[in-house]
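Lettered A, B, C, D and E in written order, each chain numbered from 1.
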Amino acid sequence: MAPLLQIRNLTVEFSTRAGTLHAVNDVSYALEAGETLGIVGESGSGKSVHALAMVGLIPTPPGRIVSGEVLFEGVDLLKLPERELRDIRGRKIGFVFQDPMTSLNPVLTVGRQIMEPLRRHLGLSAAKARARAIELLDLVGIVDPARRIDQFPFEFSGGMRQRVMIAIGIACDPKLLIADEATTALDVTVQAQILELVRDLKKKIGTTVIWITHDMGVVAGLADTIQVMYGGRIMERGPVRSVFKDPRSAYTWGLLRSLPGKLTAADQRLYQIPGSPPNMIHPPAGDPFAPRNEFATERCLREVPPLLQVGAGAPGHMAAAWYDLPAALENKGYA
Amino acid sequence: MIRFMAGKLLEAAIAIWGVVTIVFFVSRVLGDPAVLLLPLGATDAQLEALRASLGLDQPILVQYFSSLGAMLRGDFGISFQHMRPALDVVLERMPATAILAFSALVLGVLIGAVAGTIAALNRGKLAELIVMSAALLGQATPVFWLGLMLILFFSVQLGWLPSAGSGTWWHLILPAITLAVFVSASIARLLRSSLLEILGEDYVRTARAKGLLPQTIFTWHVARNALIPVVTMIGIIAGELLGGSVVTETVFGWPGVGRLIVQAIQNQDFPVIQAGVAVVAIIFVFINLAIDLLYGVLDPRIRGER
Amino acid sequence: MSATTLLKVSDLQKTFGGKGGLLGRGRPEVRAVDHVSFEVRQGETLGLVGESGSGKSTTGRVLLQLEHPTGGEIEFEGNRLTGLSKSALKPFRRKMQIIFQDPYASLNPRMTVGDFVEEPMIVHRLVGGRAERRARVAELFDLVGLDPSFARRYPHEFSGGQRQRINIARALALEPSFIVADEPITALDVSIQAQIVNLFQDLQERLGLTYLFIAHDLSMIRYLCHRVAVMLRGKIVEIGPTEAIFANPQHAYTRALLSAIPVPDPDVESQRHAIAFDYETQKSPDGAEMRPVGPDHYVLA
Amino acid sequence: MGDFFASLVKSRSGLFGFVLLTLLVLVAIFAPLLGLASPIRGDLLARLSPPTWTGPFNPGPHPLGTDEVGRDVLSRIVHGSRLTLMIAATAVVLGGVVGTLLGIAAGFYGGIVDRVLMRLVDIQLALPLMLLALLVVAALGPSFNNLIIVLALTSWIRYARIIRGQVLSLREREFVQSAHAIGASTVRIMLRHILPNVLTPALVVATLELARIIIMDAALSFLGLGVQPPSPSWGRMLADGRVYISTAWWIVTFPGLTILLTVLSVNLLGDWLRDYFDPKLRTSR
Amino acid sequence: MMKLMKSALAGTTVLAGLSFSLAASAADLTIALSNPVNTFDPHMTASVGSDLSVLSHIYPSLILRGPDLALQGNLATEWTLVDDTTWHFTLREGATFANGEALDAEAVKWNLDRVRDPELQARVASWFSLVSEVNVISPTELEVKTSSPYPAFADQLSMFLLLPPQWTEENNPVTATMAGGPYQVRNIVPGESVILEPNPEYFGDPAEFDTVTFQVIPETGGRIAALLAGDVDLVTGIPVTEVDRINQSGNATAGAVDSTRNVMIKFNTTVPPLDNVTVRQALNYAIDKEGIAQALFNGLAQPAQCQVLSSNYFGFNPDLEPYPYDPERAIQLLAESGADLSQPIVFDVPAGVYLQGTEVAQVVASQLTDIGLNIQITELEFSVYMNKYLQSRELAPLSLLAQAWPTIDADGLLTLFAPGNNYAYWDDADFGAALDEGRSSTDPAVREAAYKTATEVMCEQAPAIFLYTQPATYAYSNDVTWTPRGDDWVRAFDMHPAE
């Protein structure tokens, strides 16, 4: 069976005053139906941009899709006219964005905002859409939905707003739900509740999910597959357990290692990745992480490594590295 | 809500008091109307007698407080020039001003809204350049020049429209267009930048991610929010049109309050200056009060804060 | 660890809004800091955690007199700070500094970073001449791991991590003994956070600094802090040694907070169940007081 | 600075405005060296001569014709640029300084200072600008200085409102808090931290105000309250020439075009400046 | 509050009357005014160009001044000077106001008493301050006594309009009208227009137009455009350059006649350097009056003959010659004068009041600069100027001023220069003596001789630069005929529909 989503060689650029910003470089991956993909990366890694680009949500100009294919249910979204793309957005692909404060229209009731895709895509009558919206609010755990449906976003707390965003995202039972930093702006306790809700919903409605975040911990509990991005490229990708236990990209390893674990004693220093994230207007020539990578080889600085299956790893565990991380770690004396 | 309104009314009262006070003292510096009211050759004794009869021989503070008290009762005194209550003189000119201001505002806002929308939705394209250049031209054209050109073209050359006066609806067209050009230019520029700002908001992206139709997005998510600063602007423009269309009124012989006040300034007709400016200020303040309330309709957040 | 008290806070209160003047809009009163008492000991790092709106940042600001407390007292090295005039406060400003969350908003975009770091020395007429001050700026840059030649540049040329280093350099310019770090790593890229945390620790070791480290999640706190105070709706609900808090959380909210931390380990995560906390049903009763539950460990009950 | 010009060159309209305005300023500065006829003294016999190039009848060397007292229109426009730009610039600076300082004070101190300022703004808004200008000119008497005062008076609130808003948000910005934390004096905070950061928005307002004030000068001249004759300002030329609009079109057309071009260029530059400084349009890092 | 509502309602009804119709027919006349009618009480305004012109259609006067500037009877059929201080008037029989109220000697007396009543503070009271007694002899005969000889009394009466006494007691003449003249009010749009229709009860010749509209168009360009567009039939006060253009248009006739308004640069002789007669003479030599009249006014202005009177005034001195244009002489005189000329000399110019005034001022300033003076023009509001002139008494050394005396009699204009007069800013005993002599008699020959002396002194002593007589410019459409006149009256009953 063909994957639900297949991305091939997606490259996205932005024109800025300082020059061309290479946001996404030659990204390819596939997503099976029912899978939950966690994409991890820091700001500027291209994780959000590529997701927005594939359904035509980046502003053009200044954005520009240079090349690539995005096959969704076998259809190349990048070749679809905007009119047809509109029928997919919100219907087959739902979105949840980072900041529920700014992502909801402040002057419309939340009910109206949930009902909009229902009426547009499913052609529901106002009454039916309303009934469904109340159901959805209930589903995402909002108490007293029949009353709250007529309230405005400012009358909701941050966590409640994000629940509303999720209700909008899943309103039309999409095949794919893309959540872009959906819990970043929330408090940890609220984040935990939202994550719980998403896990719950996945069980109930079985949607395929792309969960974009910068927090390794969030992905650990939620995703089947993790994909680590850096400098507009995929650095590593694979089943969650395999990647966490046996990272093959120095970046993934560094990230995991720099987090304060249970074992790090207070008198010990955290591992720190040296340097700063790359300037994507003038990206490094080879592996984007190479300048900060203590294990980098000559080749890393010159040539972009391909994303390849890791020899000894689990099936589907791939990394882009010219170096062999386990060996390098041993050499450098890291346990 | 009641508290909010009470606060707003108090602010309005302060604004009106400030306007009246400033105008009172500034106009008293102008000089003495007696020399203008009497014919050539009047003697000093005659001038003195007239001054006394107008109450201008009193110390200025006495005049101020007595006229302030009278104003509170709606009495602005008898016009020196018109010989009847200044308020009457002003109010009978008000409809002409109101109808001109209203027409210009409606016309200007309509044109400006269309132009600003076209410009914002065609960012970087020829259409934006044309619309925005036109708006700039509109703002860069002195009103009297535009008015005279319109008269020369439509009245003298073509003979289509009357050149002066306010007798019929036809008379309204040219002065309304003259004022509307400036209004629409301001509105177009503001709306464009406001729209561009809103177009970059996250919730517009959300709306697009929902697959909504462009017209739905524009109407409910973009325009609705972009309107808020435009409404403020309309309030300010309404104020300017009410008292500030002096030049247009002069060119077209339109019998508005603006020109009445200018003439009152020229003739040092203090009661009319006072009444005219107070009426304009009161209307302005109330328009803006209405706009504050309209905000609540447009923006539920503000409603929530009250 | 020395047990000398550096800073003592008693019954601190800060409320916002509430009073409606003649023309002021009456807004409901918000008790951002609600009768809070704690102390910070010489050389330690005290962690202050809580969700947004819990009053933790306000507490930090009030400590530095950036906001005037509504009530209560603050004693620094035995001196009362509350109620002091701006000029009387100035000597204490040298000893207490603050580092903010947002590395973009915390630098003046119209000042070279060198000038920015130098400014406190000018304000306090610390180092004699301009050349000396410049030399000190270079030293500070070195200290926080920045190339001193960057001093002539403007903030927009720096990345988030570098900016936070600049902020630290500025805070250190006055050789303070106490630093409030208000979520200093929250806005940084993940790969940078460890750099800054390490820097904090290095500086503490080298300069004997005392920190109040404000954060909204507990993961870094555990690593960095000697003691932790948990804030909820303006009140401290639990305070104690880090290990005691983590090993034996007493307050329901602390437990919820601990359970909510995402752990970068799929095995742990898949087992985990976040403990829910509902303020309305689980809030502390009105007359609640801090009660000891272990050595140096108190909980609001 | 390099980035500034690079970006300016890229924006065609911004560059157009910049070049045109620079040219105007240069013309204004070097006006006396251009060897033109006197802008003040006219040749009565050559009164209302049409521009040289419009026909064979024009005897004098008047490329843009002469005005109602026989003065060279080109020379008056060129010399008028000095007065016009000087008036506009002075009024813009005066209004800008006052408005900016008041805006800073209101935004920084808040409370009663802010409320007083906002009420002042209300009062000024409720008082139609033209009438205020008229009253003040009539009361103070017309002079170059008073004209500038009036124009500045109509201008300050635009700065004050915008700057106040800026300061309200700046005040909460962390570098300002940080300045408090090091014990910097209020004056220092305002001058070193607040002021430099509101100069940009003030500059943007200033460009728009410059254009507005040039137009306002024309309107005041129309009501007989502009620059004192025989000194030329564009607005004054336009207003004085309006009676001849159909018999001697060149008297109004050329100063009118000059105003148009100036306002256009200032506006284009202002729009570009706004875009240039708009953080949303700027790429971070 | 009630009043407020009522006024607002009145305004709305005016608006409701707006309609999309442009009526114009041959028998409809529209006259452009530059200022609106402010009050309808003829005793409360001295403004001939707007208020009194309009009101003269509604209210009769004893005497009218015809387009030839000669006096003619209206209600009075005859008037004689019985002795130096007694006037006798014979009135028409059976004249009435539209409400039937009698227009007889009683009514005239009532009007003269009303205007002199100090309670009323009538604005035109000063015209009649010499009137001491008004006696009704019979309904058609009236006698007026003056406290001293008042030769211009008949002329002054031509500006005195008569209200219906009884109606006035019951109504407010400020806003309401009751016709006694050829027309009555049909409609008033405040600040914009007054529309009149014939008064069927008028005692004189019946009105020739079905409607007469006085339309206010303040802007000169607008007035000309309105004429060319056919919206109005008569405009006055247009710049001379427009005269040819309008004539060429074929739709209208334009031209100019000498007005009664004489333009001068008035000196404040109480301040240096103008307290020096040599300087004053030098300034008169420095100005090219002929050149200004030719170049700025296309020859339509008459250069002044070294006096403030124009030839249409009684007392005009035809023997005086203007100071020739001789800048050399002027420079020489300035040098001889010994005056300190180092300070700038302020030159006040009332804005927008006089025909092409700003232009004239600039030329004058330029020519004075040519003889080495430092002239600083200040344009100011007329009201501000008048306050400097009469209230604060700080008249600038030079000011552009044009004065006219409605009775077209030397006495009026010259008295404004009399010693002790608050308008004078000049003190010359010989001049004063000559004026006193003129005023002491009603004998034209005696008066003429006195004014000859006075104007000679004035020319010699030069309290002003005598410039020119302002042309009264006009243009009227081909639909009407009109006899141009030099004073400010604009009256429909001077006009006729064209054949």
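Note that in this section a contact is a pair of C-beta atoms (placed from the backbone, for glycine too) under 8 Å apart; a residue touches a chain by one contact, two chains touch by 3 or more.
Which chain is which protein? Per UniProt: A, C = ABC transporter ATP-binding protein; B, D = ABC transporter permease; E = ABC transporter substrate-binding protein.
Just so it is clear, the structure is predicted and the values come from calculations on it, not from any experiment.
J.: Tell me which chain's centre, taken as the mean of its C-alpha atoms, is farthest from chain A.
T.: E
J.: If you tally the C-beta contacts for C-D and for A-C, which one comes out higher?
T.: Result: the pair with more contacts is A-C.
J.: For chain A versus chain E, what separation do you get between their C-alpha means, in angstrom?
T.: Chain centres of chain A and chain E, defined by C-alpha means, are spaced 87 Å apart.
J.: Rounded to the nearest whole Å, what is the centre-to-centre distance of chain B and chain E, using the mean of the C-alpha atoms as each centre?
T.: Whole-Å distance between the two chain centres: 36.
J.: Once you find the CA centre of chain B and the CA centre of chain C, what distance in Å lies between them?
T.: 52
J.: Just how far, in Å, is the C-alpha centre of chain E from the one of chain C?
T.: Result: the chain centres lie 84 Å from each other.
J.: Touching at least two other chains at once: which residues of chain E meet that condition?
T.: If we look for residues of chain E contacting two or more partner chains, we find 221, 381, 383-384.
J.: Can you tell me which residues of chain D touch two or more of the remaining chains?
T.: 138, 242, 245-246, 285, in rising order.
J.: What residues on chain A touch chain B, complex-wise?
T.: Residues 52, 55, 57, 59, 61, 85-91, 94-95, 97, 99, 102-108, 113, 116-117, 120-121, 152, 154-155, 165, 168.
J.: For the complex, which residues does chain A have touching chain C?
T.: Interface residues on chain A, with respect to chain C: 42-43, 158, 187-193, 195-196, 214-218, 220-222, 240-241, 244, 251, 254-256, 258-260, 264, 266, 269-274, 276-277, 292.
J.: Which part of chain E faces chain B closely enough to touch in the complex?
T.: Counting only chain E, the residues touching chain B are 1, 3-4, 7-8, 10-12, 14-15, 18-22, 32, 35-36, 38-39, 41, 44, 46, 118, 121, 123-127, 129, 172, 174-175, 189-193, 215-219, 221-223, 225-226, 228-232, 381-384, 386-387, 389-392, 403, 405, 412, 415-416, 422-423.
J.: Would you mind writing out the residues of chain D in touch with chain E in their complex?
T.: Of all residues in chain D, those touching chain E are 40-42, 44-45, 47-48, 68-70, 138, 141-143, 224-225, 228-230, 240, 242-248.
J.: Mind pulling up the chain D residues that touch chain C in the complex?
T.: 115, 173-175, 177-185, 188, 192-193, 196-197, 199, 284-285
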